[in-house]
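As written, the chain order gives the labels A, B, C, D and E, with residue 1 at the start of each chain.
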Amino acid sequence: MTTFAELLLNGVSLGSVYALIALGFVVIFKATEVVNFAHASLLLAGGYVTAVLHDDIGFWPALLAGVAGAALVGAAVEFLVMRRYRGRDHSVLAIVTIGVDILLVTELTRRIGTNVLAVGDPWGDAVLTIGSVTIAETRVAALIAAGLLITAFLLVFRHTSWGVAMRAAAESAETAALMGVRLGRVSLGAWAVAGGLAAVAALFLTVFPTPGLERSTSLAAMKAFPAAILGGLDSTTGALVGGLTVGVTESLATGYQSDLTFLGRGLGDLAPYLVMIVILLVRPAGLFGTKELARV
Amino acid sequence: MGGAALAVRDLVAGYGPVSALRDVSIDVPDGAVVTVLGGNGAGKSTLLRAISRTLSFHGGAMTGGSVTLDGRPLDGRGADRVVAAGVSQVPEGRQVFARMTVEDNLRAGALGARGPRTAKAAALRRVHELFPVLAERARQQAGLLSGGEQQMLAVGRALMASPRLLLLDEPSLGLAPLMAARIGDTIREINGQGTSVLLVEQNAALALRLATHAYVLEVGEVTLSGPAAELAASDEVRRRYLGVVDETAADDASRATAAHPVLSRWEDSR
Amino acid sequence: MAGRGAPPAKTALRPAWPPRPRTYLWIAGSVLLLALPFYLDRFWLQAGLFAMAAAIGAIGINMLTGSTGQLSMGHAFFLAVGAYGYCAFAGDGGDELTGLGLPTAVAAVLAVALAGLAGGLFSPIAGRLRGAYLGIATLALIFIGQHVLFNAHDLTGGFNGRDVPPLNILGFRFDDSELVVAAIPFGSAEKLWYAGLVLLAGCALFARGVLRGRPGRAMNVIRDHRIAAGVMGVPVARYRAAAFVLSSMYAGLAGVLLALVFQRTVPDYFGMVLSLEYLAMIVIGGLGSVAGAVVGAAFVSLLPQVLTRYSDALPLVAESGTGGVAPGEAARYLYGAAVVAVVLFLPGGLIRLVTRRTAPPKHPDKPTPGTPGPSGEER
Amino acid sequence: MTAVPALEVTGLTVRFAGLTALDAVDFRVAPGTVHAVIGPNGAGKSTCFNVLSGVYRAASGSVRLGDEELTGLPPHRIAALGVARTFQNLALPPTATVADSLLLGRHRLTRTGFVAAGLRLPSALREERRHRERVREIAQFVGLGDALDRPAGSLPYGAQKLAELARALCMEPSLLLLDEPVAGMTADERRRTAAVIAGVRDSLGISIVLVEHDMGVVMRLADTVTVLDFGRRIADGTPAAVQNDPAVVRAYLGEDAEEPS
Amino acid sequence: SSKATDGDDGGKAGAGGVKTGDGVTDKKIPLGALTDRTGVYATLGKSVTQAQQLYVKQTNAAGGICGRKLSLTVRDHGYDPQKAVAAYTELEPKVLGFAQFIGSPFVASVDGRIRSDKALVIPQAWSADLLGNPYVRVLGSTYDLETINAIDFLLKEKGLKKGDRIGHVYFEGDYGENALAGSRHMAKESGLTVVEQKIKPTDNDMSAQVVALKKAGVKAVVISAGPRQAASLVGVAAASGLKVPVIGNNSAFAPQLLATQAGPALEKMYYVSTPSLPIGDKAEGPSKLAKDYAAAYPKDALDNGVVAGWTAASTFGEALKRACKAKDLTREGVGKALLTMDSYDTGFGAQDFSDPQAPSSTESVIIRPDKGAKGGSSVVREAGTAAEAKDFTPGED
């Protein structure tokens, strides 16, 4: 029982990190309907800046710098690459992001080299013990951060025109322009925000229980795909719910793999995709996504 | 909210190889309603796209001439700047944001408006009393509205920006007579409050009644222009745009069918 | 994804004689391709074969994604089905792995059919999903596939994969057993080269026929306007499924050919990267067009190998230890940059370069902006 | 050409979350006649078409074409029975050429499958040729003869409407559903299109259901008219009778309704 | 055409009456290295490659071998099978043999061709699946042996007893599953129960695994994964009160980890079983290499990849020297020469290459992370072979 509780808690906390990554996908998709494969590299960028700076300027400033840095990279990608694309096909832009990802990841991994970089976070490997279950403080922090950020975004989207502008721009650039939406600025903003989010996510991906930032850290972004999808690619709430679902699924599948051997071992990162498929079969646009409409 | 004077001079525009407009000059005096008549492919929508700087979205471009609003050039700016200058447009074929709710469509319409929140609230109220259905369906996805309801939404959306110059591309498209008439009244009302209007409308009768001045555009060139009343009187306009014909509908139709190659039946020999 | 609808097949009706300059180009090209094995060494032949296999696969995914608008990131899965299917059908169980020991030719056909079946089985799921959602859902196939490949030891040989029985048609073995033709030793690469050419040509022509004919038009309208498609009398579900099956069969065939070239299949190969590469191929080459798929495949599969081979000679490569750019890294940079550049500056794909020049001016190029993709609204 | 069947709509009801778009609507379309369905915006006209063409499911009621029950059939099955329609909001693939869109209309009349097309069997080529000829014929009939090779998206709005009409004709229907065919046309373009429609009726003798807000066109073409309001049928009869029906005037035409010609 | 068969280019007598071929000329002896600088094993690839380039530089500075200079052609396959096979195809005709080949699935995928090409390949992987091909020679004990020795250490010195349960966290793939074979064998031999936890290289957070192991009540944990996973496992175990010894295979440690959060925990409860002495060892072999490497690549970390690379290169070098004595610098010659090396000490432990089917050693050194020591580790148990390893034939479980 406590095992279950512990796995569940662990899953939730892990899920909150995925939620942060997924939120990055969501923001960009909302604004541009592009599935951003370069998100992994944004993660790496944010983490890298934080990691190299924390020694000199302290953790919190370094984190800010990381957020700013990743936001800058994101903005640069939008400004230098995405904006240049004249076509209207979003899935083509997805391929561009793959190219961008190759470039950025190669550069960053070259800089990181064989090192494992610590980010010098204040939590260290401290754990909270609730009853008989323990949870790393870093993960509590992650949970809180995810909660706060996502609520913040919900509010922003509800109470400012930014969300409307984003969705308008995504649905029809021309008509959005006719409404006075500054297309460039909207997608630039989205990319910058996604970058910042990535940096925060990167922080929680590199602190305890993982040893630190190194070249393969970015692979975690893959896990946010099912999260973003099963929540609904254009839904902030979806990102949270999806992230948690994936986290819990993964944690349980791992923790009980000895009891699931008939499925073969190492279900950890397969399980989320299976759950995703099942959910998509019931709700083709994810749990909170906007449905495709059939009207002529 | 005053109006603005639009001046289009020697406008040349086209889509890659296709030339759509040649040396078109049009004036919309401050506070006037001006209408542009023209058949399919005459270039009316192209004209409006050129003014609102959205040709590029159709692979087209403005290759000559100038467009000025109150003497300040509009060309060479982004579409958003044109809106910021107080121009808002009802695009051809509605173009509502299908996946957004009616409510959000209207909010989107207000994005370009500079006025205070209260102004927007007022605008919303006006749109709602104009088109009650939009209030009833506030939370419905716009794409699910009926054609005419979408048209109402498109018009309402444009009004949300409380523009100084309103560009209308066939606002009565797909509207029932009653509703078309109401649109007419609305245009008159807005204009009454000072907004200048450039109206592209196939319902020429309606258009000519609203407009003070009218232009006739044919295959990319202005062929006729003058006070609306005069044009309304000219045979050309009466026949082509007001559809006034001497013969009775019946033998007119028969004449037309005779004129048309009769479509032979398709006998399925397989 | 959006693509260019099939151009009017008036070309198909044009009298075949006198041939156009284009025809001569084709002849010259074919002769060149046929002669290559006598001059290129194994590395290049192998690279060429990888490209041919990729081209077949790309044509397949282009019919699914480019023409029918069903975004697929699971193509690698169907390649795997083809590759391992062939091994399983043709294997003689010598390496204590499951093998039915069928004649290799039969095994190849069955493997392709098996891939098609897999596609057919997935299509009901695909039928419910659109755009990015479908894309990521197909991604699940990759993970499932990898899981099976690693865990179903006695079928797949697990992480170390399993040997691929050389193709053997009527006693002619496509393996390294020396066969000297005109003083040129013919190994597996040389022999397979011709097999590859034949298969590719066949697949390309078939796909071209499909896309320019009645099925192609139906597929395109499903992509562009699903509801209208139904109202026009197109059984949408069936066609979407058919597209899935067909593209999976192409993938399966590509898998078989790859397996034969590799001479051993390993699970690591059939991962997500491969799937994304196939997407890149069709986008870079030109969505919805067969030629585009082929060009894109050549680009994506050859470029990295060439870059790696000449990596020492690449710009900004530094002596190792100086912390500078290692050859491999330089190759990655250039590859990434190339992908970005091509897609940005040739929105219609590489194929645009070709068509612009040699296309008969008859039918004008479609307007540059693509139609809304599957993620775009279907009004 | 087989005899054109009659269309019988009885008690047709369609509901969407919270609203009844069609409420027990009845009407009958006699073979070879033009039947107009008019009504205010949002009255349920297109919804009715969507049910007739299988895009929407009816909550209750029946639609019979001859002795075939249409409700519950998927769109392509209904199309196979010879029901063709145009859309109120254009439904033409913008990048496909007009020719391709029209050929698509031939889908139900052609047989070429994947294999035949892939292998370019003679049968496929022959079929292609025959139907391209017919497509050209129909394009000329509606007046799009020289637009065949242009991408539909590059045509002006009115021309695209005509292309849709042509695409529907290419299905060689026995029942043709037209949703606002003359919207966005100038008066004489309207007259020409009206003439085309009349020509279709006269030369093919098929039944046509017409949704249109231009009373002029309705008056000119319709043999019978059904008027809907809020999903309910408020009038039914000859154009003249309907036009003077006070309920119709109140709900739809408006008192000072002046309609062109 | 250039391809026309001009008879076998091997077996020509070159300078000094030495039989040459396969790219060997009077001037140079070309070797190949198929490495990974941009993929998942980039960390290993970098150290190995640089160490080998260092060896080549030094050897050539000292006059080369057999009066010929060594040249090392490096190809980076980024752990992509297609590139790997392509790179092998490219280099094979040009080189005498391969001093490095990372990624045993790829070695496996060209296994057949290696047999017919007869070129000596020293893979940078210690999986028993690589054994059995006379031209692919694993340098040092294989993972299964390594694991047996590791568990032996736990039994002898860490109070692990018959009937206990041990956890084994292992990578999907040859490495992990070969190591698992070892622990299974050991469990059979000495009455332990293995609690298996399979993971993927993409899993960086071992929390869930620790929970599962805690639930199973394991008395020790073996980890056959990457350094990250080891660090995470140890860190979480320490933090969440699973206070048991953890021991990993040689690929499951990197000195860089000591600088991270997990550092202290690692020093407290982590051990590593390796085929050779750690780079930080006092012995003159290691210390010299450490000095030279640090001099050549000041920026880069000293890890056991350096040792692996160096020993592989120097083994190849030794084989070349002997082949030179035997006046046969062809692939066959090198192969024969290698078989004569039955007790060759690379400076990191004695290797015996006389049996083409067996790994060159069954011994393992047990080391522990140690911030103080160079290379971040120090020896806790000298090289030795567990009794259970003696009667164990690698590659079968």
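Assume a residue touches a chain if its C-beta (ideal position, glycine included) is under 8 Å from a C-beta of that chain, and two chains touch if they have at least 3 such contacts.
As the structure is a prediction and not an experimental result, all values here were calculated from the model.
Listed here as common contacts of chain B and chain C: A, D. Across the two candidate interfaces, B-D and C-D, the one carrying more C-beta contacts is B-D.
Centroid distances from chain D, each centroid being the mean of CA atoms, peak for E.
If you average the Cα atoms of chain C and of chain D, the two centres end up 42 Å apart. Chain A and chain C have Cα centroids lying 31 Å from one another. Centroid to centroid, with C-alpha atoms defining each point, chain A and chain E lie 36 Å apart.
Measuring from the averaged C-alpha position of chain A to that of chain D gives a distance of 48 Å. Touching of two or more other chains is recorded for residues 15, 57-58, 98-99, 143-144 of chain B.
Among the residues of chain D, those touching two or more other chains are numbered 46, 55, 87-89, 91, 154. Shared interface positions of chain A, defined as residues touching 2 or more other chains, are 106, 113, 171, 222, 265-266, 269, 293-294, 296. Across the complex, chain A is touched by residues 38, 40, 42-43, 46-47, 172, 195-209, 211-212, 214-216, 227-228, 231-232, 235-236, 238-241, 254, 256-257, 259-262, 265, 299-301, 303 of chain E. Partner chain A is touched in their complex by these residues of chain D: 46, 50, 55, 87-89, 91.
In the complex of the two chains, the chain D residues touching chain C come out as 53-55, 74-76, 79-80, 84-85, 87, 89, 91-97, 99-101, 103-105, 107-108, 110, 112-114, 116-120, 124-125, 127-129, 132, 148-151, 153-154, 167, 171. Chain B contributes residues 52-54, 57-58, 78-80, 83-84, 88-89, 91, 95, 97-100, 104, 107-113, 141, 143-144, 157, 161 to its touches with chain A in the complex.
Of all residues in chain C, those touching chain E in their complex are 38-43, 46-47, 50, 150, 158-161, 163, 176, 180, 183-185, 262-269, 273, 301, 304-305, 308-309, 311, 320-321, 323, 326-329, 331-332.
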